[in-house]
Each structure stands twice: as structure tokens, then as C-alpha cells.
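This is the structure I want to talk about, given as C-alpha cells.
Chain IDs A, B, C, D, E and F follow the sequence of writing; residue 1 opens each chain.
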Amino acid sequence: MAIDTGATAWILASTALVMLMTPAVGFFYGGLVRRKNLISMITLSFVAFALVSIQWVLVGYSLAFGNDPANSLNGFIGNLQYMGLNNVGMDPGAYSKDIPGLLFMVFQLVFATVTMAIVTSGFAERIKFSAYLVFALLWTTIVYDPLAHWVWGGGWAAQFGALDFAGGTVVHISSGFAALALALVIGKRVGFGKYSMEPNNIPLTILGAALLWFGWFGFNAGSALGANGLAAQAFVTTNTAAAAGAIAWLLVSWMYGKPSSLGLVSGAIAGLVAITPAAGYVTPMAAILIGAIGGVICYGILLFRMKKGLDESLDAWAIHGMGGLWGALATGIFAVAAVNGASGLLEGNVHQFVANAAGAFAAVIYAFVVTYILAVIVDKTIGLRVTEEEEYVGLDISQHGERC
Amino acid sequence: MKMVKAIIKPERFEFVKKALEEKGFNGMTITDVKGRGEQKGITLEYRGGQMIVDLLPKIQLEIVVRDSDVDMLITALTDSARTGKIGDGKIFVIPVEKSIRIRTGETET
Amino acid sequence: MKMVKAIIKPERFEFVKKALEEKGFNGMTITDVKGRGEQKGITLEYRGGQMIVDLLPKIQLEIVVRDSDVDMLITALTDSARTGKIGDGKIFVIPVEKSIRIRTGETET
Amino acid sequence: MKMVKAIIKPERFEFVKKALEEKGFNGMTITDVKGRGEQKGITLEYRGGQMIVDLLPKIQLEIVVRDSDVDMLITALTDSARTGKIGDGKIFVIPVEKSIRIRTGETET
Amino acid sequence: MAIDTGATAWILASTALVMLMTPAVGFFYGGLVRRKNLISMITLSFVAFALVSIQWVLVGYSLAFGNDPANSLNGFIGNLQYMGLNNVGMDPGAYSKDIPGLLFMVFQLVFATVTMAIVTSGFAERIKFSAYLVFALLWTTIVYDPLAHWVWGGGWAAQFGALDFAGGTVVHISSGFAALALALVIGKRVGFGKYSMEPNNIPLTILGAALLWFGWFGFNAGSALGANGLAAQAFVTTNTAAAAGAIAWLLVSWMYGKPSSLGLVSGAIAGLVAITPAAGYVTPMAAILIGAIGGVICYGILLFRMKKGLDESLDAWAIHGMGGLWGALATGIFAVAAVNGASGLLEGNVHQFVANAAGAFAAVIYAFVVTYILAVIVDKTIGLRVTEEEEYVGLDISQHGERC
Amino acid sequence: MAIDTGATAWILASTALVMLMTPAVGFFYGGLVRRKNLISMITLSFVAFALVSIQWVLVGYSLAFGNDPANSLNGFIGNLQYMGLNNVGMDPGAYSKDIPGLLFMVFQLVFATVTMAIVTSGFAERIKFSAYLVFALLWTTIVYDPLAHWVWGGGWAAQFGALDFAGGTVVHISSGFAALALALVIGKRVGFGKYSMEPNNIPLTILGAALLWFGWFGFNAGSALGANGLAAQAFVTTNTAAAAGAIAWLLVSWMYGKPSSLGLVSGAIAGLVAITPAAGYVTPMAAILIGAIGGVICYGILLFRMKKGLDESLDAWAIHGMGGLWGALATGIFAVAAVNGASGLLEGNVHQFVANAAGAFAAVIYAFVVTYILAVIVDKTIGLRVTEEEEYVGLDISQHGERC
């Protein structure tokens, strides 16, 4: 096996693109919170990047991509063969015949970091910083790493045939439902529902969205692991679904009010999430449907969340969680053999739909339940939430001693 | 005429505005300010030490009304702005000798 | 002395400043504020419904002058700030008991 | 009661705050303003020409105190805010007829 | 024909780079308007991206790159052979022997979107959002697609030999003169010329400019459609012309006032626009001239526009329109055979200059006239402009219900 | 020698990535100064990019990478063989067997520009703009170009065997110590140490940091000059060291106060600086150490600088200068033959450590002394510093006539 320099060039670039998504999540979220928590929100994402970067090279990569241990954890999590990047080198590796093993590793790393960043939606404006550090390490190890193993590391979902091109299940379902669990455990922000908490900086949120869309090309088209027709296919479906999601959300929300810029960018993210698992399996025309339906579904879920008075207000659950769920099902529906050899429901392959549904719902349950338990444990021991005074003055000052 | 100057918590502003509207007080000028009262702000515990956060953000309303409306206005303000906690704010009443509407030149005293 | 407090449209500010300069009024303190008058802001038609935009941005000038200059100042202000449309703003005159120049300690009453 | 309104240089604010605290003046409301005095701002030389920069950023403190405290407050303010250079700022004293604490409804006159 | 993975890697990356230019135009413009229209301005670009992305995959690509129909539209517009991306696939295509056909398609897509975004200069701070959506769909279909066909799709300008390496005519002349026509039809902003309307956020504009410069490497060097010497050449001429434009504008404007940051970045954009058609045909030393002259010309046009009291105040016309015109002529002057086989006026090839001038002026007229007509039609039917009250409170609130 | 399209694709992308670092430095610094100098600070970086871009193609590249002249300057600076990019073409060149010579040239160009931008820390908020232009041209020619020649252009340091993978010495030591010299010559800002000068826009600084981290992948992994295992290795060590630096600074500074976002991003930059010379020579596990120690050292130096009342307040010296010094030594310590053929102290190669230390200290002295002299000359002739009034109203207004 020799390295293909073109493939390597594209995955190097893709990794850089995906890396940018983690701070982009911070900017996206940061613009949505109140000004007194802006720095906090951006910092949570930035810290996620640093922390998971270290965890991943030490153990995370091995847990996700190591061989299945010959014990009861078989199919559930990898062994420690790659601990400290042992046996991960400059030559092609087990998962990458065209690119260096180290490059595959770091490409996966940036997926793990952005997932952690998305999760921070769940405790926005009320998390204790020290508790966050502990929780993040636990979560990425106990929730993310096994999920990645199931789907991409040769675990049970892969064996079962669930398709997840670029991480709809591993990244989006897991982070979205984790955010939901967290929001339930940590409780509403003081005053939520009583007075309005307007976004402090919508242009910053749009900047975050633009960088997310930009980075997503690395995320999805990079997941082809080559510079080839499949990468181009995934690139096109990604862009198309994002555009369709943006427009769908814009139009649907227009019926209930003004066509807002936040609706537009939320729709784009919804479209991007929905196409993620499907990007390399469907046609661009199907991508229009997947994206547009994704936009409409996520908008509906958002309305539902607001009606229920649920304070998961940056909507990781509505957009990433439910959008990811839709995407997983849509992959099972719209996959066509002509694109990448796999057929979905529309080509009569019921098994594919079932496999994808099973994988997705297992992830929903695992992510929700385990996150819930972890959150309760951290809450009972260190305490997840800041004091009421700290929340009142804001996390920027109370947690970081900074103002903006 | 009097200028009633109220410094309130930002999160109460919506209630206050509504309460005033109901009583027919429409005109007002709003400024973002920072303030602290006698309590010198909020004290946070902090790794053994303490940290005082003062100069918290507040919203200042300036409303010029006839003398006869002052009391009603003050009642409306205190009722709607009160949370019962420290930092609820202050109201000051300042004499106004004259008020002119720029558009028409109309003057009231 | 009096403090003349004028709340004007931002887009008139340049004219007002120039007009005041011409009359020899140099000292002033400017604040960005938001405000609404009796009309409660601007009403926009909106897909059948209506939407009221109140609390529009305004600029507030505070100018402290001798009692004898107040009328001239008010005329200069109203003339330069007026567009004749709703939202042109208001002027309030407030008594000032004392004015101190920090640099010199000089006091005027 | 009086409202003492001081417009000072931003870079003196920390000193002023400290000086006031020492004298027991805790309550205050702070606003970011822009201002110019009689000197009409700062003149910069500029490739042969000149450019006047007026409306420099200032910090405005409003402090409401009992009549008997006004002089002490003014002294504390001038001493701590003074640099001796142009732009040091101004203090205005304005009568306040009433002051109400929103939390308790307590009224002082 | 087999895919070259290196070329594919570079065009994948280039497409992502160019994609970023569309929101970058939004940030650039957004910083220049009044605060009450900041969100609106960014949103116009973002919507352009979404809308044109869908239009392009449905019909736009086919209109631009389809074969000439055997009727009176021959040479003017492509047929519908690629409608819905029919026949555009993962293998190399008619326009791309080294990269997947889908990749060529999406690389062209991001050019179409950024062009639409540039056009929004013409009605800044006064456009009705619903009218914009309709206009944008019409404009990209009726103005952009034919122009792209003329120059790149085998249309008459290509047959005539006009050189346009990366879109000086198709992208910049068309958008710049469209903005001019729009500004004339929609009229001045209320108060224009009476009181000053200062930029609300210069750092945001500089951020936009930085991202534009960054993305322009994909735009120009990507237009080599390969990872080769020509791409490197275009990369170098691009950067050099941008730098020269920035410095030229800075110095010239210094004679009339202070050396402003806006002058600096405007000059950079002017240089980038000017080099766009020439990037793969001229030497780096010629690029210094092209960029510097571009900076000076555009600055002069801007002064002229201001003197005329013309409210095309984000200067798409002065910079993109006139800069693009200069670039088209400059390509005809400075092209040297040693770079890419084509000689310009300086090497004695008068025909090249004539061809380029003809192509450019045809585009000027077509873009201006057709845009003018479209604008009048939309104005008479839906109404282009918001009401005076809506303009007064700002488009952020009146069109989008948002504040920043 | 034929071009490798994969390598070319990656270096094209890397050059774009590194280009973005120059404005990113501007945003990073801009957020840290007072609001009245925000535009000025961003503009200094932007101008650095434009100015050095022109200088480099005219003479800089030749001075750095030209052959050694056969005179007393031998080993010190290159000759003028590449002046005006003479003999730099689309084919592979002397320094680049896989990529076009022009591409190597422009990849080096973006290093020269970012170095200049880093230097602007030294006179933040008090430099006269006209003096800056003159100084920048002198500095890049007289300080940067020779240093680049020493280390990369076949000069004495290269001959002596000093390792500098991506520019720890050339970029970071030089700019950091130059900033120190400048701060000493130009003197403290009025009021420094007397009243607090708080950062005006921390989110902007974090944005700058995010873009720097992003661009640094091009900087370090691009320095492999190929799309291969070494690039992947450098990519991984870079990311790992950055993360370790961020966390180390966060934790250490927590002992003395709150864990600030500025500490986090400063630590990340410190880690990135420290790994720069080592990126292609060490293992990821060593990168954790190099980054973490880098974070701690730079934090300590920053405290020291503050205690000394030294107004080099954007800390180019503490982070780039001292971080670069640590990185140079660390390369001499941690290099392992298995990665890239070179052994450091830990593998018993004392010579490597000595060579690296010699190269680094020579650069420290050269950069500091020559910058000091240049600064004094410019100060005595044109005057480096604005007047007190100009400083008081801020450089945005006084130098650029702009406000934000």
C-alpha cells in the first residue's frame, strides 16, 4: 500500500477545514447567548478542542478504532492497541489504504472535538467551568468513543450494516441527545420563559454558520478518504442539502413571522446535519429533499421545544439530534446503488432502512441515557451549575474573570 | 413638570414598559448604564477568596411627566420593577422647568 | 444655570452641532439613547398584520448654559433639529445649581 | 438631595471610584458618553492641515447624595479626576426632589 | 480519461475557498452600512448562496455549460442537457479531463453565487426582501448564466477568442454593472448626501476582505483546473496584484486625506478583480502593474461616483465593474505567450486586445441593460423598495425582525 | 523532475492557509488593544501583508534563497539571481523537486508576511503609520531575509546543521525579539502601569487565535513540502502541542486567578510556536511535552514582563520570542531519528542540541540588535512615535481618520 499524494492532500486540507468547525460552533453559540456569557460560550468550544485533542491521541483513538477486545466489550469498544498513538504511523494504516495512518487518526480527531463542542449547547449560560472540564473528559471517553467504534471502528452497528457516511449518528445524534439530557439535568436558566433573552450578536452567529458550512466540506467530502468522484459527489450533495435546508426553513418560518437570518442559518445547519450520513450514498436531487425536509422537521421540533418550555435553547437537540435522526433514516431511504453501491428503501432494500433505524435509535438511547447518568454523577459530586449570583453576573466574569 | 429617572434591572424592562403603557405613559428615553448601590454589587466566592462584581448593567428610564402624574408613575414603576432582591434599583425625581416638542415648538412648563 | 437636554434624531446631529457652534455653544455631552414619544414609535404593515417598532435610536445632548442663554439655545436646537416629522424629539430644561470645572476647580452658579 | 453629575476622563475612572469609596460614596450610575468642552476638542497637525477631534469618549457618573454631602463629594471628585490638562471634565449639581428605593419603596426627600 | 487525484484535491479545496467568498462579501458589505441594516446586508449574501446553489443544480449549470442549441440562441445560452445534473457525474466530464464532472460543476456553482452576492451592493439598505428573492432568481438565470455560457460554455465570446482566466467578465463586470443599473432604478437612500452614513463596523469589513483575499486563491489558482505550474502562476499573480492594488490605493488616497484601512482593503479587492481575467496569462511583474493601476482607476471612479451623487455606495460598480473592465483590457495587453500560450498587445497581438475589449463591452452592455429591465419589471410588479418607514427603522427589524 | 500534483495541491492549500495567518495576527492583536486603536492594529498586519508581498517578489525571495555570493556576505545573504522572480518558474526549482518553483516562492512569501505582522506587537497603540511603512520595508529586508537565508537558504546555520522545520527561529525568534527591541526604543504607552488598559474585544482575539491555529496546519504540515507521511506527522504534532500548550497555560494560570479565555488562546499560540521548529522531527508524545512546557514557560515570561513594567503588552516577545527559543532547544532535545532521520539530545546527539542552540541564540542576538539599531535610526530621522495628542485620541482617528 502506497500513499496517494492527491488523497493525502485532500485529507490534510479536510482535517484543517473540520478543525475550524469547533471554534465555529463557539461563535455560532456565542452570538446566541446573552452578552455576559459570550466569552464563556466561545471558550467552552475552544476548550473542547484542546481537551479532546489530547484525550484522543492518548486513548480516544484507540478506544474508537482499536480492534474489538475478545471479551464482553466485543463490538462495543476498541482495545488499547493504539494508546499514545502506538502503531499509528506515517504509512497507510488499517483504516486508510491511500493516506498515512496518522492522518486518518487526526481526521477522526477533529470529528471528536466538534462533537464535544456541539454538546455545550445543553448547559449554556449556567455551567460551572471546572465541572465542564471533568464532564467533557468523561463524555468523550464514555459516550463518543464507543459510538464511533460501533459505527466506524468495526463495532456492532458496522457489522449490522448501518450506513453513516460522515457521522450523522456518531456526531450529530450523539451530541444532540446529549445536550437534551444535560439540559434536563442542569435545569432552566434563571428567568427562562419569564423575560426574553435575546441573542447578543447575530452577525457572529452568522459568521459561525458560514465557517461551519465551509468546514463541512471537509467533514463530508473528506469522509470519502480520497480525492475522487465520491468526494465530489459528497461535496455536491452537502452543499445542495444545506442550501435546501436554509431555504425551506426560511419559507416555512415566514408563515409564522418574519424571515429571519437566524432561521436561514439554522436551516442551513439542519440541512448539513441531515445530509451528513447520506452524503456519499445519495444523488444531488435526493439531497434537495433530504435537506429541505430536514429544515422543516428541525424547525417544527424547535417550535415544539419552545412550547414545552424546555431550555435547550441553542437547539443542539432540535437541529443536530433530530436532524441527525432524520438523516440516518433518510440514508436508509434514499441511498442508491449507482452512487456508492448501497441501496435504500426506495430501491427496495428494506434491510438498509432497518439497519439504519436500529443504529440511529440505539445511538439515541445510548447517548441520552449515559449522558444523563454522567451529568447526574458530576452534579452530585462537583456540581454542574454555577450559583445564582454567578449566573446573574454572567459566566464571563464569574468563571473567566473577563468582560466583553 | 418632573423628570422621573428610574434605574432598573434589564430583565425587568419588558414588564416595566408594559405597566407604564397600561397607565398611559408612552414617552420615555432609555439609556444603557452601569451602576452599583450601597451594597457595592455582588460578592462571589472564588477559590477561597472573594471577588466583588460591581457596576452591573442596568437600564435607565427617563420619563418627563406633569407634576400631578408623578406619584402614579412612581407606583407603576416600583410595582413592575420590583423583584424584592438587591439591585432592584432606584428612582429619582428631578424638577423640569420647561419641555419643548421640537416638531411643533410647543412648550409646556 | 440650566441643563438643556435635547433628544434628537441621529441623522440631524451634524446639523445641530454646526448650528450650535455658530451660536457659540461648544460644550456638550452626548449620549446614545433610545426613545419613544406619545406616538409609541413607528407602525409597520406586515403581511396583513402590524408591527410597532418603538424605542428608536436617538441622540441626547446635554448642554449646560447660563440662564440668559437658554432661549437662544432652544431656538438654535429646534431650528436645526426639526424635520417636521414624527420623532423629531424633545427638549427639557432642568435647573443646575452649580457647575465646576475639574481642571481648575472654578465654580459657577 | 442633589444629583452630582461628573463627566470625567475614562482613564481616571478607577482612581475616582476608589476615592469615592474611601469617602463612603458607594451608590452611583455610570454612563458612557462623548463630550467636548469650550476648547472644542483636540487639534491634530496633519500634513500641513489641521484636524479637530471633538466628542472624545468620557465617563459620566451620576451620584445622588444628601445636600450635606455635596461639597465633600465634589472635593473627592475633583481631587481624584484632575490631571491638570484640558479635557479633565465638569461637574454639575442638580436638585433632586425625591429618591425612592425600588426594592423597599423607601422614600427620601 | 482518468481522474488526477492531485488536481481533484486542489479543486475540492478551491471550491471550499471560493464558497467562503460569498459570506465574505456579506461581511465586507455589512460592515459598511449603517448598523440598522447590518444583518440584512449579510443575509442578502447568505441567501444568494442558498438560492443560487439550488438554481444552479436544477438549471443554471446546464444553461451555462450545456451545448449550444441549434436555434437562434446558438452561442448565447446552453441547452438543458444537464438539467437536474443529468449526465453530470463522478467521472471526468466535457469540461474537465482531470477532475470529476460534478466537481467542475460545483466549482462553477460557487462562482455563480458570489456574483449574485456582489450585486447586492446596488440596493443596499433599501431592498424589499421578498423582491430580492424573485430578482435574484431572475438575475442569475437571465444575466449570469448566458454570460457564463458566452465566455466559458463555448459561446460566442469564447469562439471569438476573448480570454477570461477566472471570471473578470462573467463575475466582476456583470455584477458591477448590474449593481449600477439597480442603484439607478431603486434610487438613493433617504438622506443620502444630506447627512453622513458612516460604516458601522470597519473591522468586520476588513474580516470580509481578508476572507475574500483568502478565497480568491481558490477562485484564480483553482481556475487552472489542476495542481500544476499554471495554478502556481495564477496564485502568485493574484497575490501580487492584490498587494499592489492595496498599496497603490493607500498611497494615492493619502494625497487626498488620511491613509484609511478601507482604502487599503478596497485597493486589495480592486487589485484582485483586475488580475482575475489575467491571472493565468501574465507574469508577476505585469501583475504589479495591473494591480496598481487597478487600484488607482477604481479609486478614481469611486471619487467620480461620489461627485455625481450616485448612491451605489458599496462600490460594486467602481471596484468590480470598472476594475473588471480594466482587467479584461489588461489581459489583452499584458498576456505573454511564455505563460500560457496567449499573446497580448505588448507582444504585438492586436486581435487579442480587440477580442477582449469586445467581450468586455458586450458584457457591460448586456449586464447593464438586462439588469435595468429586470429591475424595472420587478419594481413595477412586486416593488423593489421598502417603504420609507421600513427604511427609517432599518431592514434588520423591518425585513427580518432582528436587531444587533 | 516532474511536478507531483498531490504535493502541489497541498502546498497551494497550505499557502492559502498561511496567508490567512497575517490578518489573523491583526485580529488577535486588535482585540487586545483599546478600542481607539483597533482599526490601527488590524491595519498594521494587513499592510504588512501587502508590503512584504511586493518586497518579496522584487528582492526578498532572492536575498533569502539566492545562492551565496562569493564575497564577504557568503553564508549571510543570498545574491540577486531571483530578483523580480527572474528564473522562478512553473517547473520545479532548486528548493522544490515536487512542486513548481513559483509555488515554493509564494509559500515562503506568506511566512515573511506573517513574521512582519507579529513584530507589530512591539509598538502597538503608539506607532506613526508613515514610520511603520519605512520600518517594515527595512526590517523585512535587513532582518528577515538574512535570517531566512541562514536557516533555509543554504546559509551558515543550515551548513552548521541547525534544524528548524517550519520557522521557529526565522519566524518566531526573530519577530519576538524584534518586538522586544522596538518596545524598548519606542517606550511605554502614556499611562501604562498607571491605569488599566483592558482588551476591547476578546471574541475578536479568540477568532484571531482560531484562524491562527487553522493556518498553522499549512505553516507546519505544509513545510513538509509534500502530501506525505511527514506532513501528517507535522500536522499531528502541531495540533497536539497547541492543545497541550492551551491546557497547560489554563491550568497554571488558574493557580494565580481565574482560568481566562485569553490564557487559553495564549497557551495555544505558545504551544504552536514551540512545536514549529520541531514539528517534523518529534513524536506526538514529545509534542505534548513541548507544547505544555512551552505554555508554562511563556506564561512565566509574561508574568516576568509584567513585573518589570515592560510595555510589550501583546507579548510577541513572551510568546513568539521565548516560545520560539524553547522550541529551537526542544527540537535539539526531542528529535528522534525514526521520524525524520535526525536525532536530538535524548538520543545522545549532543551536536544537534548545540547546533540548534547556536542557531537560536545567533538569531536572538541578530534580531534584537539589528532591530534596535533600525528602530533608533527610524526614530531619529522620521520619528517612530505619534504625538501625545495623537496617542490620546487613538491611532484609528489620528492615523487613519476612521472610527469603530
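The criterion applied here is as follows: contacts are C-beta pairs under 8 Å (C-beta built on N, C-alpha and C of every residue); 3 or more make two chains touch, one makes a residue touch a chain.
Since the structure is predicted, the reported quantities are computational estimates derived from the model, not experimental observations.
Student: Count the C-beta contact pairs for A-F and for B-D, then tell me which is higher.
Tutor: Output for the comparison: A-F.
Student: Specify, for the interface formed by the sequence copies subunit A and subunit E, whether it is same or different in terms of residue numbers shared by both sides, with half as the dividing line.
Tutor: Mostly different residues form this interface, as fewer than half of the numbers used are common to both chains.
Student: Express in whole angstrom the distance between the two chain centres, defined as the mean CA positions of subunit C and subunit D.
Tutor: 19
Student: What whole-Å value do you get for the distance between subunit A and subunit B if each is reduced to the mean of its CA atoms?
Tutor: That gives a centre separation of 44 Å.
Student: Report the inter-chain centroid distance for subunit A and subunit C in whole angstrom, where each centroid is the mean of the CA atoms.
Tutor: Those two chain centres are 52 Å apart.
Student: Identify all positions of subunit F at which a residue touches two or more other chains, and write them in rising order.
Tutor: Those would be 4-7, 9-10, 13, 201, 207, 227, 258, 401.
Student: Which subunit B residues sit where two or more other chains touch them?
Tutor: In subunit B, residues 31, 94-95 touch at least two other chains, as defined above.
Student: Can you list the residues on subunit D that touch subunit F in the complex?
Tutor: Residues of subunit D touching subunit F: 11-12, 14-15, 42-45, 51, 53, 56-57.
Student: In their complex, what parts of subunit C are in touch with subunit B?
Tutor: Its residues touching subunit B are 2, 6-8, 31-40, 55, 58, 60, 74, 77-78, 81-86, 88-95.
Student: For subunit C, which residues are in contact with subunit D within the complex?
Tutor: Against subunit D, subunit C makes touches at 1, 3, 21, 26-31, 64, 94-103, 105.
Student: Over in the complex, which subunit A residues touch subunit E? Could you list them?
Tutor: 4-7, 9-10, 13, 17, 198, 201-203, 206-207, 209-210, 213-214, 217-218, 221, 226-233, 235-236, 239-240, 242-244, 246-247, 250, 257-262, 264-265, 268, 283-285, 288
Student: What residues on subunit F touch subunit D, complex-wise?
Tutor: Checking each residue of subunit F against subunit D gives 36, 191, 194-196, 387, 389-390, 392-393, 397-398, 401.
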